[in-house]
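Letters A, B, C and D name the chains as they come in the text, with residue numbers starting at 1 for each one.
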Amino acid sequence: MAHSKYEYVKAFEREDKLLPNTWIVVRVDGKGFHKFTKEHQFTKPNDITALQLMNHAAAAVMKEIDDLTLAYGQSDEYSFLFKRNTDYYSRREVKLASVIGSLFTAHYVLAWSRFFPDKPLTKPPAFDARAVPYPSIENVRDYFAWRQADCHINNLYNTSFWALVLKGGLTENVAMKRLSKTVAKDKNELLFSEFGINYNDEPEMFKKGSTLVKELKPFTKESRVPIKYADPKYPVVRDDGPDHVIQEITRQETVVTELHCSIIDEAFWNEYPQAVQ
Amino acid sequence: MAHSKYEYVKAFEREDKLLPNTWIVVRVDGKGFHKFTKEHQFTKPNDITALQLMNHAAAAVMKEIDDLTLAYGQSDEYSFLFKRNTDYYSRREVKLASVIGSLFTAHYVLAWSRFFPDKPLTKPPAFDARAVPYPSIENVRDYFAWRQADCHINNLYNTSFWALVLKGGLTENVAMKRLSKTVAKDKNELLFSEFGINYNDEPEMFKKGSTLVKELKPFTKESRVPIKYADPKYPVVRDDGPDHVIQEITRQETVVTELHCSIIDEAFWNEYPQAVQ
Amino acid sequence: MAHSKYEYVKAFEREDKLLPNTWIVVRVDGKGFHKFTKEHQFTKPNDITALQLMNHAAAAVMKEIDDLTLAYGQSDEYSFLFKRNTDYYSRREVKLASVIGSLFTAHYVLAWSRFFPDKPLTKPPAFDARAVPYPSIENVRDYFAWRQADCHINNLYNTSFWALVLKGGLTENVAMKRLSKTVAKDKNELLFSEFGINYNDEPEMFKKGSTLVKELKPFTKESRVPIKYADPKYPVVRDDGPDHVIQEITRQETVVTELHCSIIDEAFWNEYPQAVQ
Amino acid sequence: MAHSKYEYVKAFEREDKLLPNTWIVVRVDGKGFHKFTKEHQFTKPNDITALQLMNHAAAAVMKEIDDLTLAYGQSDEYSFLFKRNTDYYSRREVKLASVIGSLFTAHYVLAWSRFFPDKPLTKPPAFDARAVPYPSIENVRDYFAWRQADCHINNLYNTSFWALVLKGGLTENVAMKRLSKTVAKDKNELLFSEFGINYNDEPEMFKKGSTLVKELKPFTKESRVPIKYADPKYPVVRDDGPDHVIQEITRQETVVTELHCSIIDEAFWNEYPQAVQ
């Protein structure tokens, strides 16, 4: 049979399982988003709707993959954390990265028209992805701290840059030169003295990015049960025929919560211990 | 600065450049498409529209990435071939796989409503991806032969299976048992004797899958030029004001051509030498 | 210059740094030692001198490489543990494995004639090597427990097998069949009832293998110093000329200690915390 | 059984098969040989005996491993080429590198006293090793050209440097400065005008390194055979008892030939086509 004759080519594929007993982070990054945001006229320095669309796509990925416990996004990137002992796709590096990248893309494109009803998606976006194993909780926390520190640095820069361009009337080149060699303190002062902007009052989502965690929340629904099997724990709402009642049953469900807090601070990790498992 | 303190986590990322001087194949595969095709009620054994949507998404990827020279798709998978000396994404395995998977997904989702105007995309699809280097042209050809042989085997099976179920009224389980241990010849006979189907007459796209190649094609457009710079090679259509004429200029453009032929046979590779560069 | 024209071939080498912040174990294994031990007529089931030569070579490797904190050997294999943050050879997998394999081999061959003065090394041995990262202390301890459990299983089997052959007069084939499907208890009984051997009384080195740890030990040496710089902490042994004295100076030095204890038990790790750093 | 409980640690080992259908080169490199050659007082710039010992060890490795078809050495390094389809150690990168490194080391150490009868090996050498796959014959030839070009460059430099130091009486530092920024032509002139050395007359082994190839050579041995089975192809030397004769039988054997020619030139590859298989 012709089949077996060619099948040898499968052996050229590399085995790529990530080291067991490590925490895997998958990060998706917009490909050529400078151009993409121009083409679709995103508001500068931050387009709230576009960030909300990112958060929506990330939350959908979180809901679909049980083993994800934490996600963090800013600008055109999102990082997802697997629990330590995950065996999702047998921990295969390329599969993990490509599937999460694909799922994220699908939800982003599918939801576009809901978030931007008046702005057609003329050219679809693409996201590259990578998967990196971290051997300790400290490494994991430092990874997320790294991304949030990056968010802060970029957002302060971008807020200053676009203030100079949009409000100060500078060209992009002149604005860039103006900001070169400034440190954080200089940018804060520039924003305040020249544009009356107190950087601390900027929206938390812009300054801190978005963090998604999973929480178990109770939810209540009415359920029709035979009278003799009614659970005394739950209130009976009403009868429903001679042998049944409607009870108000309470269950637990996993919900994805969006936060805009510091994930560098200890407090976050104490409040959401389930974020690193 | 907080930044540098955390940046060490970058070093946990593996360097993953694929061997130089090899041909890289990236294959995307539908994730859980059994469920996806059920949910969206694809026609069995082959949904022409769904296959055309796959071809559309693949052609868009081909057009966007210059270094791709060949693509082959069947069922819920598509393989893309890079030219030998590509330096796309520095040949990084995970980047190549994830970007192509993401781009393919984006075009698939974006074009869905155009291909299925009456069928909403209720749950977005995802594709995993892999990138494999092949060191010789023979290996490359055998890779594509492997996928086409796989297409043939699966399509003959599926055509028989769904004939037994949809036309023969068998349950899926009984149909599966009926086909177990049959060889190609048996299935051909079953199709013909019981359902009057001559497998050879089935559409080529179903039996052979779809192959995308790039070709340089001339195209003609009218162009307004100053009379004194008019190129004598091209016909003048008409005058346009005192100093200009409209000429019919011919240029070359790269087009993606869809084929449904054998790529196991020598003939294909002789006719499209540009498919492996 | 001819040089640069060919230098591109360096790029075909893979980057192979092992994951940071993990404990790396390098294990060397005798290649074809079944034949090697036959050729050099090693005593069965255990050749004390050969094991001592293995221990000698391993101790030499330990002394030469500061970042090694623990080694464990049995039969024709030896495992070496690096401290977590080692940057030896930039943590390059193939370099670490090959250098330790080479060093071990060199010391083994060089010391052969000292350990076996009457037995020429007619055919040199070779050892393969591997390097594996472990992300947690528990994994590290389980790795060494795995090797020691393996030692126990093999030694009990070999002790029984060679008793049957050398004392019981069975052929190797019959001895093998006799032992198939026996469990540890059966072998203990067989040794005792048929050969009067109490397995527990076998040498610890055979049953437990050999463990090498590093310890700081004080050592004393005579040193000639000018009288005026003599350190009052150390005793003066005698005068040496008008201006100098000989003092007995005490220093710390790292020594490699050989043990034959359980490394599965908690006690070992409590007593030698420096073994995993 | 305790065994299985710990065995999970095996899964932390990476699968490391090198790409099929490629030519694998393993190179061993002396570790810290600057110090090693000082300690053992090697003649500068080239110690013939030390080079011959390298060649001896490499030839032993060539003889032991059938799938090696070519080796090239210079200074303290040696490269070994496997045939394309080798399945030695399942093409596992770390095994290939470490076994060849270990075997080479063993032969080097074992033969030391034969090559240097008056110079004890006071500190054993170590060699690191690497294994790199090359997908085309051109890449393979460029690899070996790279090493030979490197030999030429280093040897011209070293010959000049040690002439300045040993014959010219310069310190090493001054000699180094003298040579900085000189090109090949300058060094040739310096050697000739100041020391009367015509670099072209230097030994080929120093200028070109050593190349080992395998050749099938006939060899003849006397063999005692029953008269009635004597093979008429071979001459009978004498009778040996009533029923036997001694015949001179000719067989083929693989011999390792040492060359000191250019392996950059086409001629070598034409003359020894078996060097790349």
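Here is the rule we go by: a residue touches a chain if its C-beta (ideal position, glycine included) is under 8 Å from a C-beta of that chain, and two chains touch if they have at least 3 such contacts.
Computed from a predicted structure; not experimentally measured.
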Any chain in contact with chain A as well as chain B: C, D
Interface composition of copies chain C and chain D: same or different, split at half: same
Relative to chain A, chain with the most remote C-alpha centre: D
Pair sharing more residue contacts (C-beta pairs) when B-C is set against A-C: A-C
Where chain A and chain C are represented by their mean Cα positions, the distance between them in whole Å: 48
Gap in Å, rounded to a whole number, between the CA centres of chain D and chain C: 30
Averaged-CA centre spacing for the pair chain C and chain B, given as whole angstrom: 55
Residues of chain B whose C-beta touches two or more other chains: 8, 12, 14, 19-21, 133-134, 139
Residue numbers on chain B that touch chain C, as the complex places them: 8, 11-12, 14-15, 17, 19-21
Residues of chain B that touch chain D when the two form their complex: 19-22, 133-136, 139
Of all residues in chain D, those that touch chain C in their complex: 2-3, 5-10, 12-14, 28, 31, 89, 93-95, 97-99, 101-110, 121, 124-134, 139, 142-143, 145-146, 149-150, 152-153, 264
